[in-house]
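Read the structure below first, then the notes.
Letters are used for the chains, namely A, B, C, D and E, taken in the order the chains are written, and counting of residues starts over at 1 for each.
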């Protein structure tokens, strides 16, 4: 257990460093400085003298290697710098966004898992049946949907036409505001999970050991409960992990559409404001989240799959 | 070249998803190629503000937009851009992914470690985020979009290529080729590549759908194609403010995207059944 | 009905106001001095106060934190009698020291606060900025409620000191490291909560200096950058005010219910294509006839009517109609492609030419407009190669002169002199002379206007200068923005602020009992 | 005595398995100190259980796996000094699985002609003639040339594999279980073919097989491998009739023979499982399963020593058996 | 039908649903196994051995189905028995061992539990009692330190150990019949011998009859009393084990016996050319008319091309039935 964790961490660190370097380099060549990002709608013009002074102040005129070294040194101790835009520490800015982001992701994933895995299971247990056809058509359609288009449709249907749910925003952080964005975000993973679960369950149902189980005189129900579920779960959990891990990245669109105060909207905002420290911080967080979830999946594997638990 | 051995032919009959998917994609490709023939007007210059926002009807089958341009014609030309984005970025992805994956799997050693690390790195940064960063740097436009989507999603084909090579490497015919004195590159191109094309084509097909959706998402975020040339994504994104007032502006590009991506996904599924029968749905 | 109208006369106390912040997906900073963004000022106007304010009803500057002011004869020394009833939200009374502290803070050279450009008007401010002085010599406290300000130019300091970025802050709070997340000011509402990316909630400040105000118990500003989502939310009655784009403008006007709640104002923004007349630009634009032809070739009225959906006023010249120097007798360039062709031929471009037009995605002054003028210009032979950039980069490109022409929106008020300075030949490109325009006649008129203390004469000189611009046409005069604010029937007291319609006067706003918000 | 065609001297192939991050690196001694030679025209049978290193040995001889230690000499010259192409013209290989050993996307003609071109035979007519010739030799008809592998049965595919191995006219052919993946009723066809070709072309073989019957049938000499080492080596008759290593005896005893039911004493049988090559037992690798195990077997590794002319066995008790 | 007949298969036909037609993957298969007897079924890959075994277990799955014939277990017709009835028989009265010990066990479940399931399913045992008995069952199949091994997962065991676990599962409820479908092909030769011995020994002790399926004629003949040879979906010959080697009657059996080099053969007779069986095994879709062996048969005559040969009983040796299906046997 500890070993697996240590091993993962050893793998994660170089990836993280590489991501930090990559992001830094990418955004050091961005045209347009943060200052031009400070006005919008052409409404404010900023004094060039001020701009010069601020560039100096923020160390933007230092040579690239020097900036990079400084950046790495600071990041290593958890200091992501100060936002160009709000002059607050990036960690603080991100800190404010993490909770809403997590809430949205967990809700979306819960939706995806509950609906997707259930559909996939039902489909696999009766291949070729109506349930199977319908859920697989739904799944492949779900994969073909443009996220923001689907989000808009949800908004119009549930908020405007039916008036069941609020259309956008975080509200008081209650569940009502969460439903629509969670569905919009969760529909992709849901479709994927439905398909994966179906394939995984079918895979397992055709495995030799299921035939062994049947030859023992087990009822179909017991076969599923004792031998199929757990094995299918091993396959499904990878997809859950991968999906979950990348959800924070995918959430950009949904967060923007629903004005959800998460990391994604902070990122997109910061990109447009050329707020480099904030952008780097957000991407770092997103990557970190991805890696963390994958580490958790690895640990889950260890718990579920004895083949990994005992070396190999 | 016989990509699909004859024994596969009987299976073609059963694959409904292949036929529907192939039909939809074929239609999109046809529309894109024949755009100048089947479009009614120029998608950019034939703006006539006097015709602005006419609902679908006899004169304009899909209606007109705020500039008075024929939406049908814009959709038709949009197919070109959207498919270019889909196909172009996937070609780029496949080229990068396959050359890295192929060589990494075949040569192994430090190169393999390096490529694997790079792949993991790419996988760790969500490709939309990566594409967004690249778009922000390069600015909107077709070529930046091709770069942004073509440089960021190669990890899938790379992984597949590598895994396939690893499993093929111990196959008798690869070893036989080495024993017979074939050079490494010759082995990769004549022995390995033709035999791993199947799953690669599948992944590329599915990737095209993803690319088209990513283009739409990037357009929505304000980092998409460079107007005035229409892509479905940019049309959809421009029309989103009017979804309630001028619905046909968003319905038609939305449907075009949906059907094309659906077609690509179905086609990919169908092809997978034929070309890559052992793999189950494992895409992420 | 009548009953409604009567009820509308007596403001109700209590209730919740829910306004929207439509310009970006977040607020930059709630430290008003740290941000120049219109988006942030939507909140900051409620929490903070500046020395002057803009009186929308009468289109003029008024004193806000002072009861009266007297001006020396040379027009450079202003003595203010400050309010003695203004309290900060922490309960402390405002004094002259707070103003001195606030202005000095803005001039901290290390911080680069955007408001510095306004405070520089005060004598000695630049010394503080450079670090050669600790105090601004032009600020003098006479007693707690009397302040003397010495300025460097003969201008009305009100144009400078009403900007949100010159808000007056209490030292003891502003010095705290978390001030930006717990702002304290003089405004009618005090800060309660900020969920970044979502909303800011404020509560009534009972010791606000205007008696009986504000009315509402709570003020919420909800971030809502997506027009479509905003539309849904407004129709869903989740917000009380919403900014309308052209598409919604049409729809809302067509809807009998929604049409009742539309507030329109000609904002002080002029939309135009600015030609780069300097060496980096396209050669043809150096010829005045080409620029005129450009203006004649485009059917601007048609674009405004059909594409902009009448959500704009046709531009005549540079200054907006709300400016005193606007010449009401002038007629905008007519739509006359024939004449345009003739002028082009005279200038030596009978077959037209091609140029690169830098544009953003903005729906009112970006790509959609370019798409509409492309075919029109093509008819006279001018071909456009659009170059799409982000809004944020546009200004930078303009400053660097890396463009042949760009389409944008410029603030053209309320200070007409400052506005026209953007075409003064000695104004550097980095300030705002993005066209690189230079005309001796224009310069002379502007010099004279700057020197005169006679306001009527100045207005007249500026009018002439504006007419020079009309003739020289360094830009394509497109339109003046019409800002449109949709509001729910239960919200009252909104004002058509021409400087920025989202900047409301929250102390005057009240909601009646039909509001669904609790 | 003829100069050996192939001489292995203390050949060892070790694999590094695992990774430093995942549980540590271990050394797997797939082949560990093998000394062998093959003379021209001779067939050497190589038997041993799964995983004992037979295929690895073959691949090392082919130059596909670099040896960790020891030497491989072909035609008297060290493999390392020979060119890739030269080696290819001297030694070739036939694989076990006729389905996996042919490129599914290549016609028979391409499979056979490409190697010729690589080896500098550019004349079209000559290439064609050699392809047709070799196909005839292995019993394929000329019209088969333009078909793809999936159009052939397993036996035919193995013929194609044999043709491919012979197209460059090698002197030594390594057959790695050439028949074990074939239908039982087809095996005789292939074994006969291999023997015919041997006589006709004067080939030397290394015949790797599980099937003792096959090895006995075709080999001139036999080597028995256990966990990477040769434990016994000698003429076929010696090995099968007078085995001196308990492992060889166990192998023979394990073959069910309906004619000689219970003929072999239970004493000859091995017990238990084959240990992992990753972690072989100390001393004699066979001792945990050996019916003759004594203390010396645990502590000392018996060398491969002669028991009779041309017959060597690696057992402390080699002289007591038999 | 003999008095102590345990399993009797009569005229079994297994249908394989193809794209358009239905093929008979197996047809006219009849055999009988008596209590405690070891019966061998030999044949090349794809001739239908495994599906015959699955048919007996009632485990055929699409596209395969029972096309006809009777299966009698202890006199009871089970070919149409209810699912519940079949579940009761499976495991408790018929046990089965599969070819691949690597995949036939659930990788995520401890082997002890997989054995214990049998007691829970068929003997109403509680889990803890069942686990104790599983340990005992492991001891019976001579797995060292069974107390520890019950908690092990399949991947921790070697191939031979796993196959021992499979045997323990199959024999857990002391079934009357054990179907062993190529139980040792995936194992090393030396291990193979041990497993076969173990199986034979346990069955003898419990009085369990064995249906032993293999493609190795030698192996089957060695272990079983009676052997049937299948070719292309039909049984072509059945004889006592010694006889089938000494006096094979069907040309196919004769070919098999002669074509393979047997240990000691070269010493006795020198290196001779092996006898070949010409041609290849036909695929289901292309079974020839008449006798299915006719394209490869040296004795084929016109009648073989048109008429499928009927069963010819052979003179019984040791009172065991023997038969051959050939127009020109002998």
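Annotations
The rule we apply is simple: contacts are C-beta pairs under 8 Å (C-beta built on N, C-alpha and C of every residue); 3 or more make two chains touch, one makes a residue touch a chain.
Note that the structure is predicted; figures quoted are calculated from it, not measured.
The chains in contact with subunit A and with subunit C alike are B.
Counted as hops between touching chains, the shortest connection from subunit B to subunit C is 1.
Taking the mean of C-alpha positions as each chain's centre, the chain lying farthest from the centre of subunit E is C. Chains A-C form the pair joined by the most contacting C-beta pairs.
One inter-chain figure worth recording: subunit C and subunit D are separated by 87 Å, centre to centre, where each centre is the mean of the chain's CA atoms.
Each chain gets a centre from the mean of its Cα atoms; for subunit D and subunit E, those two points are 32 Å apart.
Subunit A and subunit D have centres, each the mean of its CA atoms, that are 53 Å apart. Looking at subunit C, one finds that residues 226, 228, 232, 235, 390, 393 touch two or more other chains.
Chain contacts: subunit B has residues 136, 139, 222, 240, 243-244 touching two or more partner chains.
Listed in rising order, the residues of subunit A touching subunit B in the complex are 11, 14-15, 18-19, 22-23, 26-27, 29-31, 140-141, 143-149, 152, 156, 160, 192, 195-196, 198-200, 202-203, 239, 242-243, 246, 248-250, 252-253, 256-257, 267-268, 271-272, 279, 283, 286-287, 290-291. Partner subunit E is touched in their complex by these residues of subunit A: 207-209, 211-219, 222, 226-227, 230-231, 234, 304-307, 310, 312. Residues 226-228, 231-232, 235, 245-248, 250-251, 299, 302-303, 305-307, 361, 363, 367-368, 370-372, 374-375, 378, 386, 388-390, 393 of subunit C are the ones touching subunit B in the complex.
On the subunit E side of its complex with subunit A, the touching residues are 57, 59, 86-92, 95-96, 98, 100, 103-110, 117-118, 121-122, 153, 155-156, 166, 169. Listed in rising order, the residues of subunit B touching subunit A in the complex are 17, 117, 120-121, 123-129, 132-134, 136-137, 139, 209, 213, 216-217, 220-222, 233, 236-237, 240, 243-244, 250, 254, 257-258, 261-262, 264-266, 269, 280-284.
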